[in-house]
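Same chain, two partners: subunit A is paired with subunit B first, then with subunit C.
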Partner chain A sequence: MKDFFRVAWLVVRKDLMVEARSLEVVSTTLFFALTVVLVFAFGLVREGRPVDDVAAAILWIATAFSGTLALGRTFERERQADTLRALMLAPADRPAIYAGKLAGMLLLMGLVELVLVPLVGLLFQAPIFAYPWHLAALLVAGTTGFAAVGTLFAAMLVRARSCDVMLPILLYPITVPVMIAGVRGTAALFQGTPDEELARFWIALLLFFDVVFVTLALWTFEPVMTE
Partner chain B sequence: MIADFERLTVTNLSRHYGRRKALARVSFTCDAGDIVGLLGPNGAGKSTLLAILGTLLAPSEGTVHYGAVTAEKGGAGLRARIGMLGHDLFLYPELTALENLVFFGRMYGLTDAPARAAGALERAGLGERGHDFVSGYSRGMRQRVALERALLHRPRLLLLDEPFTGLDQASAAALVARLREEQARGVLIILATHDLDVVDGLLTRELFLRNGRVMDVSAGDGPLRDRYRSAIMAS
Partner chain C sequence: MSKLNQIELALAGAMLAVAPWIIDAAPYESTMGLVQKIFYFHMPSAWLFLLAAIISGVASAMFLFGKKKNADGWALAAAELAVVFGIITLVTGPLWARKAWGIWWVWDARLTSSLILWMIFTAYLLLRRYGGPGSDKLGAGMALFGLANVPFIFVSVNVWRTLHPQTSVVPTLPVQMGGPLWFCITAFFLLFLALLSMRARLERQRLRIEDLYLAEDEA
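Right after this comes the complex of A and B.
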């Protein structure tokens, strides 16, 4: 188990080192996410008043779309010199490589959400500080479920020519339950009278999805990548 | 960690991609100290065979035994004994040569990865450029770093896909000398190449592949290029 985390950490650290030098994925993902939120703000905010109950949906749409962009790019680096093969050849638990890539994705998406959440709060007058820990739990759990499936599919499609087209087609139908739970849970916190109980329910459901998706991804990563 | 194996046994190995057969019933054995050349035209199945031997690809049929162990049973311990240089070199262009070697050394669990990486760069003649990004290297320099990456963990089985690509005459000669050193150490080397003149005299045996099949030809004594021509043309 110690070796599993060591390898996962090596992969995360390498990805962070590369990203810190290029800022390629962070900048494009962040720019895209901000653009999505701003476009919605122009359409849905009139005279300083947003349409009711849209903030949660916009937050998750921006997260999902920008996350998809990041997922496609994060494995592009492994494709360029076929380094994914070198990683698979290393005498490490192959699922640890997946875990490392997933952790890197979560850090990246977390960084984007740190900017997105205040922006959505500001533009759509969402009460983001009413239940900050519940909101954080929803975002962490929802992002984990989304990225768990996305990282697996991105790895599977790394050598496919139409990776950028195929990734959302495969990813969105499977992550729809995660998106619904994330939107409903966040909406429960953002509504006029926040419903803490309902938010807790959606958090629990998201955690269930996380366990299922992460377990399945860890289990299938090696056979899928060597077939 | 599995014990070092002395023999590689490939039995009736096939790999299909849908209806297309990339490899068809390939069988051979080779022993420690052998340098086996996989020779054949493009699309003959050389890279597919190397990928299966490197445990990166599962065969559709047939088995590969590394000593007494198969890829499924050997797992990570077996992969620790395999080094592979792919056609795409397996290096991160955004990292320096030293960072690449240290990263992969650590992935192989080497506790002295930085020291080994520094030594490997000296051996490749790139000691002074170890802190340069790989993206700034010429193809030949990247090829030398990639070879050191494949050898960093001192593998028992070394798989090389077009190792002479981009190397000038002196570098190619240095690579041949390096392979002879590894051969003397008991490393089992399998290389796919089109550089017949360079490897003539280096190989201890050749496998001529065409359309995924091993051509059944007598070894003969003539120059490798003549034997290659007769093997591939005769089929």
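Right after this comes the complex of A and C.
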């Protein structure tokens, strides 16, 4: 068990170090997220007023889109020098490698969300400070579910042809429950009279989704990554 | 084509050929009239759609964890059938809904989860077709995750919808478990069985030929 966390930490540290030197994924993903929000702002803000109840949807769509981009880039980097194969050849537990990759992805997406949330609050007049803990719980649980499936699929797709097209095609249908729960839960917090209980229900559903899909991914990572 | 497949196909063909007369002879539903008869094709397809999805998910799990090579053929065959029967379900459903509810589509739990399940298996087929080498394992992961996803989709869509005012009252369908319905279910099921085993057999043979080619190359 101790070994598991050590390997996972080493993978995270490696990813963070590579990223810290180039800042490639962080900067491009952040900029892409800003662009997505801006495009939505052009489409949905009329005469200075946003259409009702769109802030939650935009927040989650921007998260999902930029998350897909980040997943694609992170694993593309592993492909260039065939370093994923080297990682797989290391005498370490495969699930631990997956856990490390997932943790790195979560840190990255969390960083993007730290910018996205205030931006959506600002541009779409969403009360982001009304229930900060609920909102944070929704974001953490939702991002974990999205990244858990995304990391597994992106890792599997490294070897496939046309992987950049395949990732969203596979990922979005599977993460529909995350999108519904995230958007509905956030909307419950953002609406005129916030519905705390409803938000709590969606957080619980997301946590349940996380448990099932992280377990399933840890379990499947070994057989699918074996050639 | 095995003997059993021939019998299944012949029976299914004969039954589907006489099905229109049997459906025509069935009593009219009092409020919906003629349009209710879509139901005799809609429900068998929907059942087989779900059955195919389950078979594909289970076979994928066996392929991944049980290292059973042939299970992949079953998973692929079932996924193709899931998409075919899914299309039938998703086309006949709105045709019926337009007459019964007045609108083509409602974001009801059952409809939405069927649509998403259909999308998952279409994505699976796209992956198998264009994914290149190694896409069998990838696809198995996709089918497995897709199946695990169904309860979540159902619960989330159910809550998402029921907390909003329904624009149209969705009448619960009067299920008349009459003879014609079971007749159609049997016919569709025979067709399903024949197609499934034939497609899985084709896949097995493809694998064998591939193995032979590889053996030839090595020799």
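Definition applied: the second predicted complex is superposed on the first by the 226 of 227 C-alpha atoms of A that agree within 3 Å, B and C clash if a C-alpha of one lies under 4 Å from a C-alpha of the other, contacts with A are read in each partner's own complex, and residues count from 1 in each chain.
In this section, a contact is a pair of C-beta atoms (placed from the backbone, for glycine too) under 8 Å apart; a residue touches a chain by one contact, two chains touch by 3 or more.
Everything numeric here is computed off the predicted structure, so don't read it as measured data.
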Original post:
Counting only touches as set out at the top, which of subunit B and subunit C does A:I174 meet: first, second, both, neither?
Top reply: second
Original post:
What is the contact status of A:M166 with respect to subunit B (first) and subunit C (second): first, second, both, or neither?
Top reply: second
**OP:** Pick one for A:K14: touches subunit B only (first), subunit C only (second), both, or neither.
**Re:** first
**OP:** Using the touch definition from the top, say if A:A86 reaches subunit B (first), subunit C (second), both or neither.
**Re:** first
Original post:
Looking at the overlay, does A:T193 come into contact with subunit B only (first), subunit C only (second), both, or neither?
Top reply: neither
Subject >> Larger contact residue set on subunit A - subunit B or subunit C >> reply: C
**OP:** Quick one: classify A:S22 as touching subunit B (first), subunit C (second), both or neither.
**Re:** first
**OP:** Touching subunit B in one complex and subunit C in the other: list those residues of subunit A.
**Re:** 227
Subject >> Residues of subunit A defined as touching subunit B within the complex >> reply: 3, 7, 10, 14, 17-18, 21-22, 77, 80-83, 85-93, 226-227
Subject >> Complex interface listing, subunit C residues touching subunit A >> reply: 64-65, 116, 119-120, 123, 126-127, 130-135, 137-138, 140-142, 144-146, 148-149, 152-153, 155-157, 159-160, 163
Original post:
Contact residues on subunit B for subunit A in the complex?
Top reply: 51, 54-58, 76-80, 82, 84, 86-95, 99, 103-104, 106-109, 149
Subject >> subunit C-facing residues of subunit A, complex >> reply: 149, 152-153, 156-157, 159-162, 166, 169-170, 173-174, 176-177, 180-181, 184, 198, 201, 205, 208-209, 212-213, 216, 219-220, 223-224, 227
